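Several structures are given next for inspection.
Common to both upcoming complexes is chain A, partnered first by chain B, then by chain C.
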Partner chain A sequence: MTEAAEHEEYDVVIAGAGVNGALIAKHLTHAGFRVLVLEAGPGSAWSLDGYSRHLDHFYAAASKGPESPWPPAVAAPQPDTADIRSGAGYFVQNGPDKYGSSYTRAQGGSTLHWLGVCLRMLPEDFELRSRFGVGHDWPLRYADLEPYYGRAEHEIGVAADVADQAHHGIEFPDGYDYPMRRIPLSFSDQVLADTIDGMRVTLEGESIALQVRSYPAGRNSVPRGAYRPVGAVDADVDRHDMITHLGERCAGNTSCTPICPIEAKYNAGKTLAQADRGKLRVLAQAVVSKVSVDPVSGMVDGIEYQRYADPASPRHTVHTARGRVYVLAAHAVENAKILLASGLGGGDSLIGKGLIDHPALYAWGLSPVPVGAYRGPLSTAGIEDLRGGAFRARHAAFRFDIGNDGWRATTGGPDSSVVDAVTNQGLYGTKLRAHLAATLPRHVRFSLAVEQLRSEANAVTIDPRHLDAMGNPRPVISYRIDDYTMGGMAAAAEAARQVFRQAGIADCTDPEAGGWFPSVRRDGEVFHYHGMGHFGGTHVMGHRAGESVVDTHQRSWEHRNLYVVGSGSFPTMGTSNPTLTMAALALRTAEHMTEALAARQPIRQGEPSGF
Partner chain B sequence: MTLPTTRDIAPGDITTIEELQDYLYRGMQLEHATIPVYLTALYSLHPETNADAWHILRVIAIEEMLHLTLAANVMNAVGGQPDLTKKGFVPTYPARLPDGETDFLVPLQPFSEDAVHTFLQIERPRKAPEPGKRIVARSRAHDPEVLQADQHLDHRPVIGPLLTVPGRPEEQFYSIGEFYEEIIHGVTYLEQEYRKQGKTLFTGDPSRQVTPEYYYSGGGEIVAVTDLESCVKALQLIAEQGEGLGGGIYDGEGELAHYYRFQQLKIGRFYLPPDEPDRPTGPPVTIDWAAVYPVKKNPRMRDYPQGSQLRAAAEEFNKEYAAFLGMLTRAYTGQPQLLLEAVWQMFHVRDGIVRLVRNPLPGRDGVNAGPTFEVDGATP
Partner chain C sequence: MENRLDQFVRLSALLTGFAPLHLLGTGMAETYLRATDAALPDGVLDELLDAGSLPSAGSAPPTGSAVPGAPAQPGGSALAGGADPDAAAGQAIFGDAKLGPVARALILLWYRGAWTALPQEWRSAYGASPRDVDHVVSAEAYQAGLQWDAAGAHPAGARQQGYGAWASPPAALETESAPGTTGVRLPRQAGAPSVTEGARS
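And then the complex of A and B:
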């Protein structure tokens, strides 16, 4: 196989076409630099035809999990949320607890299947050690990231009203507002807000008032000012006409996760399509296997990648891409895996160490009045009041996501409710219909995502005994949910019970219903948890080389022409979904790279990369 | 089209505000009349097939909804009353286009080569014999095919007073573009005359204008109409999206005009800039003419047996559609925020059509049901 990319000189070589890689590629190409993006998975989601096939795949799938529209290539396997149930899969789970999250290896990355929640981190999330004596401080403060948050909200296209979002010290510049108005609150949100707003829960003697709050969403809504929503994309300009008027507004479909049928939800393909295409080359089905480092200078002098033609086969050819600067934007786990496979970690190195997630509990109940469950985006609001506060000195913070999807995620409703009514209650005919009509619209679901702190024992490692079909290492995951997080779980479960009780919602939370979810035990209480897909912490950023892997620009301390980007750089994640924060960091990194690249002459053929 | 600014323009066919409002009502009728036709064809496609046809029909149907809304904005701007609930607003299919084009009939039918032929007739570019003359002799209506179709109609197509060019019963507009050209001339003339008296034609309540806040990603940029300039802009957008700008295949926003979008289905190839009319050079269009539900052409309620589930579904659809038009009327008469709800209500419209087109008509071997759009008298 000949590889044009191998013979071309690039300013920047990026591994990964997810949100981080796409943002950096967009900005560097517009700054005039030549960029090569290597994507391990297929690039099919970048065309309307391909995206439609993923949609068909989803419709045909018996199980509608986050991965159902996005089958992995043999060459680029990915974790699947069903793996925990089956005990098999891509991750090697080293315990003691199971790591329950997944990600998508395809062009567009996990933004293909994400829900689109775009919360900013709280100012206190950046200062956990100084304010609460736990966890770590970031080397950046909220104020440092604030301008980039605003830019990221416009890059992604976030729908929210500033008036809803200024809480826990989150500040916005005067006159700032999100590019689009908030997604309308669901009927469920409105019914629950009537009951919950102003309600107080008491945790360890501390009384906290609650409010149902619209959350910022990366889904197209009513634009503000001159902003124009970005709808569906098609990389094939010959067929550009086909995507006219597609996906420029959320139409309330119910499958944000795992696939928005009209691309009204942001995916990274939209950003990549906005790059200067004349300066950009994207190679899909190119698995980065190794970073090559010049032993004398310590600079990266190439990225080795494996190109495959058939997603069903591991047959591949090996190539090397060269640029002046390299960016690993392959995902928190994949970044660590590539660095470790390149022999760049080990010993005191923090590469791979500090893996976090938001282990999350479900609480579900039967509302006294219909909430119109099973309609609209999977969720549109949350309760943010328990994301911060003095209690963080003792236990983890947590966030309520309020589902519009009934008991779908918790018990498999509404299908399982039908099965239950028929087989356990013996209902059929008009009685069955009446029963379902009386109960399904009253299904309430909270998802309680709990903060987790970095611990070096929670790590991604590699082991030559565990390889994938391409001979690349599978991630070996060591993971333990500590007492701090379990304290948060206990508080979250208690808060949910108090809300249900005060709201007159019959608590149907049954730990055994999700019996296959992994569980942890504390003081006799069992918590069944699931992953939120919020990986982080595996190449942490810091002020000093010995204490971190990257600096505040996500630039490797050891290899100064290498950037390792994404939520792996997070010292803490608070209770925010990581995408917006990593997008803000990626924009900050792109700005820095532009300045750094512009300050130096382009290298000439044959010279070592002289970044 | 340029606005005459320096010297007086002569009156055309529109000389009073009442005539203008009649024309605009007919314009709304016209824009709406295409939607049942396009939606029936769109939802007759088997799911997961015919992606090219699906997207071409989808884009055009959405743009017709924009045109309807633009026409409502113009109507409101000149103090008129948009009313989609008036008896006869929705034509009985097969119908003649409400702008007075009488040489062809527009049926409700599944996606087919015949349907594409009709779509091309609906969207045909203007062809007035000479500049300034936008009407052609009605003799074209003596097309034997149309006459034959007329004989087989189970009803006479309604030709109301608005269906002929006022004062010229023997003549007709040849295209939608020419119909709008006449309206543009009319508003320009009337505004000129009003200004001479120190008045303006545009006295409508601005709060009735549908603005981008309530209408976006629905076929292009909505134009709030408050004066002659915005009025002409709105009307030109309608005409250009249908037939292209200045004889080209693209409109002023660089989008392919409806006629040429449909022509891609006929020729089997996509247009690419800077293609010339009739000679697309893009990739092939893939069509599976067989992957279509065999929907009955021009279905009527009487095709559905009394007491049958199909009849109930068809009735329910007509009621919902009538309610939908009622909601649009309220949205166009002071409550534009209702258009946000229209987004999910359109799912109901889709589901109602899909329920019909995927079910066979009893006793009519191999023919499926379809929506009848008989909304007059169908009350929700």
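And then the complex of A and C:
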């Protein structure tokens, strides 16, 4: 395979074409720097034809989980939630608890299958240790990130109204609003709000009023001012120009996860398409296997990658990419894996240590009246009121996501309900149809995402006994859900029961009847949880080298021309879905890199890095 | 003489509660006929089609509407279908150890666009086809699943309802006129109590 990339000079080499890598590539190319992006997975989602094939793959898939449209290449395996029970698959689950999340190794990364929730973290989430005596403080405060949140909301294209989002001390600059108006609340949200709004629950003696609230979403709606929503993209500029307005509004496909058919939901391919293409080279099917470090200077002097032609085969050739600066933007787990495989972790190093997620509980029920389930974006509202408060000194905070997708995630509805009616209830004909018409539109689902704090015992490690088809290490995951999080689970489950009772919703939550999920036990109560895909904590940021892996610009303490970016840098995650916060951090990092690169004359390849 | 596809659609209407015109409108009838044939040992589908054409059923097309207060099925068997000719045909089919499971698989095929493998006991007794495995028939079949129509919704990822449609009340329970006439749907007035619990056996 010819490998022009190997012989070209780049200012920046980025591993990973997800949201972090794409944002940094976009901004550095526009600042005039030459950027190479290496993507481990296929690049097929970056063309409209390729994207359509992924959509067909989803339609025909027997199981329609988050991974269903995005089958991995042999060379770039990825975790699959279907493997959690058996223990097979890409992750080596070392226990004691199962890590329940997955991610996508393809150009576009996990934004290809994400839900699109773009919540800012709460100011108190950055100061957990100072305010509540638990977890860690960030080396940044909300005020430090606020301008970048605003920029990230415009990069991603977030639909929300500031009037809904100023809660828990979240502040916006005067005159600021999101680039698009909020996504309309679903009929289900409106029905539930009628009974939930104003209802109170008590946590650790603190009475908190609940409200069904629209959340900010990376989905296109009605633009404000001159903002033009970004719909479907094609890497080929000529083809892209032929896509007219596709995906410039959400059309309610009820399929944000695992694939928005019209790309009305943000994916990182949109950002990559906005880069200065003359300065950008993207190599898909290039698996970064190792970061090479000059032993004398400690600077990175190259990134080794494995290029493969056939996604069905591990056959590959090995190459090295060189630049002045290097960025690992490969995912919280993959970043740690690459650093460890390069011999850069171990000992007291925090690389890989502190893995977190939002272990989440499902609660599902049957509303007394139709709520119009199975229509609209998978969710359009949440209950945010239990994300913050004094109770956090005692147990984890949590967030309600209110589904518009019926029991799809919990039991496999509507299919499971049809099978039950036909097979177990013996219904057929008009009675079958009437039964389904009377019940399916009443399906209600909450997802209760619970905060988790970093613990160094929860870690990504590697083990030479566990390799993938390319000879690269598979992530070995050690993971335990502690009492702080289980306390939050108990409070969340109780809050959901209260909400169901008050709203007259028949509580159908029965893990035995639903899909299989891993479980943990506390004081005789069993919590069945699923991962939210919110990996974090594996290359934590901090003020000092010994206590963190990267500084506040996500720059490696040990290797000063290496940036390790993404939610792996998070000291805590609060209860926000991490994408918006990592996008804000990536923009801050890109700004820093632009200044640092501009301060030095470009250097020729082969010379010691002057960065 | 009714051809086999017509026979298949008529039986499917009886089993699913959707009018023949609706079923034909999915564009999947011929595909499902072939898929069902492929998933069954030779001759089994013809037996089912014949059972669906019992004189009592064959004398009148499926009505597409359940008679209120239809008597419970005798013998405590798990039968809860329509009444009169439909009920007679239904009884003949679902009371039969060989045809009942096949009819259920056919209902699920129409509702889900996916074939559901027959129980192992059934295959031991009546024979197994290599195509009798759980599978989505095709991308089009998934999108044509009747379950979405029954729910007043749309298949996830297809046939979307448009920006903001989710903010409106769900389409009221849609009814159909008797098959063989127009098949026109009669949406009820939004907000009116429009759904009734289906009978359970």
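As a working rule, the second predicted complex is superposed on the first by the 605 of 611 C-alpha atoms of A that agree within 3 Å, B and C clash if a C-alpha of one lies under 4 Å from a C-alpha of the other, contacts with A are read in each partner's own complex, and residues count from 1 in each chain.
One rule holds in what follows: contacts are C-beta pairs under 8 Å (C-beta built on N, C-alpha and C of every residue); 3 or more make two chains touch, one makes a residue touch a chain.
Bear in mind that the values here come from a model prediction, so they are computed numbers and not experimental data.
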{"item": "Partner chain in contact with A:D56 - chain B first, chain C second, else both or neither", "value": "both"}
{"item": "First, second, both or neither for A:Q274, with chain B first and chain C second", "value": "neither"}
{"item": "Chain C versus chain B, contacts on chain A by residue", "value": "C"}
{"item": "Partner chain(s) touched by A:P184 [first = chain B, second = chain C, both, neither]", "value": "both"}
{"item": "Partner chain(s) touched by A:T579 [first = chain B, second = chain C, both, neither]", "value": "neither"}
{"item": "Partner chain(s) touched by A:D241 [first = chain B, second = chain C, both, neither]", "value": "first"}
{"item": "First (chain B), second (chain C), both or neither touched by A:T410", "value": "neither"}
{"item": "Touching partner for A:P229 - first (chain B), second (chain C), both, neither", "value": "first"}
{"item": "Touching partner for A:T589 - first (chain B), second (chain C), both, neither", "value": "neither"}
{"item": "Touching both chain B and chain C, residues of chain A", "value": "56, 59, 184, 249, 251-252"}
{"item": "Chain C - residues contacting chain A, complex", "value": "14-18, 62, 64-66, 77-82, 86, 90, 94, 103-104, 107-108, 111-112, 114, 116, 134-136, 138-140, 142-143, 146-148, 150-154, 156-158, 160-170, 173-174, 195-201"}
{"item": "Chain C partner contacts - residues on chain A that touch it in the complex", "value": "55-56, 58-62, 64, 184-187, 190, 221, 249-255, 259, 261, 370-377, 380, 404-406, 408, 414-415, 418-419, 421-423, 425-441"}
{"item": "Interface residues, chain A side, partner chain B - complex", "value": "48-49, 52, 56, 59, 184, 220, 222-223, 229, 231, 238-239, 241-249, 251-252"}
{"item": "Residues of chain B that touch chain A when the two form their complex", "value": "48, 51-52, 55-56, 58-59, 62-63, 212-214, 216-220, 255-256, 261, 270-272, 282-283, 340, 343-344, 347"}
